[in-house]
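Heads up, the thing below is written out as structure tokens.
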Amino acid sequence: MSRPPLRLTVNGAPHELPDVPGEERLLDTLRWRLGMKGTKEGCRTGDCGACTVLIDRTSVLACLTLAHEVEGGSVTTIESAGEPTLERARAAFQAAGALQCGYCTPGFVVALAGLLAERGASVTEEELLDGLQGNLCRCTGYAAIVRAVRGAREGAP
Amino acid sequence: MPRARAPAAAVAPFELLAPATPDEAIAALRTGPPGATAVLAGGTDLLLDIDAGRTDPTRVVSLRRLPWRTLAWSDGALTIGSTLPLRAVEDDPALRGRLPGLWEAVHAVGSVALRHRATLGGNLGRSAPASDLVPMLLALDAEVDLVGPGGARTVPLDRFVRASRATDLRAHELIRGVRLPESRPSAYRWQRVRPANDISQVAVAAAWSPQARRWAIAVGGVPPRPVRLPEVEAALGTGPPSAAALAAAADLLVRRLPIATDRRASEEYRRHLAGTLFERAVRAAEAAPGGPA
Amino acid sequence: MSSVVRPDGAEKLAGRAVYGTDLDVPGMRWAALVPAPVAHGRIRRLDLAGARALPGVVAIGPKELAELLPGAAGDPERPLFPPDEIAYLYQPLAAVAAPTLAAARAAVGRVHIEVEPLAVVADLESVFPEWPGSEAGGSPHVAAHVRARHGPVDAAFAAADRVVRETYRTGSIHQVALEPHACLAEWQDGTFRVRTSTQSPFGVREDAASILGVPESSIVVEGTWVGGGFGGKGASLLEPYAMALAVAARAPVRLALSYAEEFRLGRTTLPSVVRFETAVTDGRIAARRVQLLLDVGNSLPGRDFATGYAIGFLLGPYRTPAFEIEGYAVRTNKPPFGPHRAPFAPQCAFMVESHLGEVARQIGVDPEEFRAAHLWRSGDTTPLGQPVGAFGLGAALDAARATARRWRAEAPPGRGIGVGVGFWSTSTGAGAEVRLRLAPEGLTVVQGEREIGSGSVLVGVRAVAARATGLPPGRIGIEYADTARAPYDSGVFGSRTTAAMGRAVLEAWAALRTTLAERLRLPPDTLLALAEDGPAIVVEGGGRRAPVASVLTAEERGAGGLETKGRHFGSGGAIDPQRVLDGSFYPYTDFTGAAHVADVSVDRATGAVRVERYAAFHDLGTTIDAASARAQVEGGIAMGLGTALTEEALWDDSARLENPGLLDYRIPTLGEVPPIEVTLLPGHPGAGPFGAKGIGEPPIIPVPAAVAAAVADATGAHVTELPLTAERVARALKLL
């Protein structure tokens, strides 16, 4: 059964992907079809947040999102460059040393970027921390991540 | 250079349709293979069920193009479209003031990223015993708007929800939205292992109807489905209950609740929790804006 | 003060770091394991024909493996596929590879298995509902029996003022690294090339060679970035399957576990039941008896590491004039017991600390004072006769008690403050080798470990080299090389990496200094250092200063630099054989201690515990890198909070894991970890470079003990089971 190609923009680059089956997950489209491994596969049950990406600047779990549900949409992953809230989040994590193994890190950075974009300049630290509870980390104990969030918020333009 | 295939997909193939109108959607359900056609709202439940092999559809009908991502207030009554992501419900500027318990229940679901996709319709259709939304909606006397081959109808939520994955949905019917008749001071109190990113072991929803001057109490996390407790509501009386009345009502709730033991928590403990959460929910609802206190 | 910025940060934050799950090469096949349908049974039929009939599928079981790799039957105790008896649910009976994961899973579904079910042993208490008598040692259900004794135990009990008896239970926990196990294996011209997410590339090589019956020289292992190990990636789990499939498929084979498989197949801490008896006379411990029943899953007799290792932790870091300890490793139909972070030590510390706290309460002595009175000091020996060495737990406990006093004075009513201590034996002795390569513009440490995340290699080893040589860390490279090219290292485990590898660096530097002195015509023991001079490196000392370029030979310059080697193998003091009555005890080596303080609030109506703040005092010897040490303490404490409060893997009567997923197996989320004050205490040097001690595991150990002590302080509730679920606390509070 032929279907029209799936059109989506990933980190600003347009893609037309032919023959993407209905059951394909956005996570697999990104990692295996487009070869973009920055978004991580963790639990694959929506509980860990490692696969967080932005769709139209809103965070979603790519493991539980069908690729075709994003038709015409704009996806932002950790591999993006130049998107202001994402760069702010990334810089804050680097400055705070808020990573160890780094596997949860793309999900956290993207989730934080999504919250900063969604909530804007008046967002409180508490709202940001509350909004990140869907991202699990096993290495840092979250302490350095909390410091990074503080730094990202203070770095607001 | 993109690959021709994404070899990581591990589930059986299905045809994915995205109809543009409710009629098209109903037609897609009717013409789909019987017993192997599923509805996709946010997908956060359906896709998990597919991955776990609990369901195996060969046709999936996505509702993403339907005009049901709506939320509208009318004189304190609220109508929410079934495909509106929960985050949008949570972020409605008027919700927390008018229906604080609903805000609490929605905020308790999963995580932010999950709530950007999960929908009210999906949650009701899935009808999980541990749903955080069903008990609160029961206590708000929610009605469910349905549309199907036979036309549109409205069903009280209490009749709609039957058991896990079992609802009053007729063949090829879709949930179009949920209607809440009035704003109510309300509260949702739950007990979980973790405070976030978890499901509730036991939960109590309490709401006070300003119009009818009576309490509405529902308990969740109690198989087979969340329940309203009319006896307990009556025991609370028509205003803020006295300490004695509240304790007596809690005692009644603890004794009457249909609860069983499971590996996570014993029946004894759940009853005890239900009583504690009940008292807290009632007092919190009392103290909410517009409350009887 | 060290920088918190991580040298691997940029790559990981850009999404460019390649982990095991990211491995992807052209022509790669996807593998899947064929799971046993019962926890115990005899395999009557295993038919792979249906699987093979699918296009592009290769399938191997015991028969095919023997044909492909005849030596694979070499270690009958560790067959890749069980030839006739299933030992645990989901145990791999065969493996398939296919062009896609869907095809591999479909192939798994086509494998025909017939099994004669046998009785399942799901729970150690079903084997020993009562404490075993002396005949139990010979039972097929027992993988190991250990017993040790010292001093006038019976007399001390008979004469005691008071004897306190308690039984404790702890549950099963899982490492929960966010990245599941994953690897890629290729086979070409008789050589295996294995890329894998592992804590020990050399360990994988050794294990895989043994399991497949091939020479180690035929295997090259390259570690990828690792998305968390915590002990679960210390030994080979998936690689031999992928390697065998690579031979069968004549193509690269990727094998990764789903997260449910991570839980079901993971080797980790399993349940225990421990009985304590403590005799007290004149307010002091006179004698102790401890009996341990430890579920070791499918561990084979003689292969159990846990029991002889764990049991010493059940006496705690305390002077004990007389004791008798006994442990049984009980076999059940679960995967074998495997190492978690500080394996079983947090559970032991919880039990010992809670028990001694109860003893103190019963005799009317302050629990913290009671501990302090018995605590090991530098120069003590352990109950099994090993020297403790320089040991700073006394200082840590003093500091913890001071904090506890302050917090008690400040805390709002209803809060509880508790102190817990623990000790650890770091495996600094496990061998390490490195090469140092000095080039005109930098120094490189060539070594065989992939940084797994803690910073022990990239930050710690680099910091040792910087301190030894005088160069700033930015001029020191850490070069990771695979097992064919790198010097040997035992693995990133046991809190040993910076210490052991650091000692090897010091030795390599000593050799380098000697060579440089010679070339500069200086006495061989001249104190030389390296320094920056713009882009170049210079050697300084003995009144001389020369660019490195000028002391290298042309050959060395061509080869990338002057290389020296260093190695470190250590050992601890021996266990006193007189004290051992049966079995073998795992000797402890380098000791370190920690004292923690927890401040909790307890919901008096539901029993729910919330940790409000936390302080940790660690006997670290010399701090090599403060930022990464602090990060280890913060991370270990969070893990410990999970062990203390929310993590339990629940096994049912058919030895099926009920909660193999991250919704139902709950690790702490961001909102549950309180502010943590970290204090790293110098003064009691360890076996690491400059007197350092390992820090990877100690932080998790005292956590459940401190939390339980705080809960007891807040409410009087004395819980004798881990985790401290709300229901258990509620019961201890007599709410039900």
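Observations, loosely collected:
Just so it is clear, A, B and C label the chains in written order, and each chain counts residues from 1 on its own.
Definition applied: a residue touches a chain if its C-beta (ideal position, glycine included) is under 8 Å from a C-beta of that chain, and two chains touch if they have at least 3 such contacts.
Owing to the predicted nature of the structure, the values given are computational and were not obtained by experimental measurement.
Of the two chain pairs shown, A-C and B-C, the one joined by more C-beta contacts is A-C. Ranking every chain by how far its Cα centroid lies from the centroid of chain C, the top place goes to B. Taking the mean of the C-alpha atoms as each chain's centre, chain A and chain B sit 27 Å apart.
Between the Cα centres of chain A and chain C there is a gap of 31 Å. As a whole-number value, the distance joining the C-alpha centres of chain B and chain C reads 42 Å. In chain C, the residues that touch at least two other chains are 663, 668-671.
Contact of a single residue of chain B with at least two other chains is seen at positions 5, 7-9, 11-12, 195-197.
In chain A, the residues that touch at least two other chains are 31-32, 35, 41, 44-45, 47, 130, 132-133, 135-136. Chain contact summary for the complex, chain B toward chain C: residues 5, 7-12, 191, 193-199, 263, 265-266, 268-269, 272-273, 276. Of all residues in chain A, those touching chain B in their complex are 1, 15, 17, 19-25, 28-29, 31-35, 41, 44-47, 49, 52, 58-61, 64-66, 68-69, 71, 111, 114-115, 130-136. Per the touch definition, chain C reaches chain A in the complex via residues 3-6, 8-10, 12-19, 21-22, 24, 176-180, 225-230, 258-259, 452-455, 627, 631, 634-639, 661-663, 667-671, 673, 675-676. For chain B in complex with chain A, the touching residues are 2-9, 11-16, 18, 40, 43-44, 47-48, 50-51, 60, 62, 64, 87, 110-114, 116-117, 195-197. Interface residues of chain C facing chain B in the complex, by the touch rule stated above, are 30, 99-102, 105, 605-606, 608, 646, 650, 652, 658, 663, 666, 668-672, 725-727, 730-731, 735-736.
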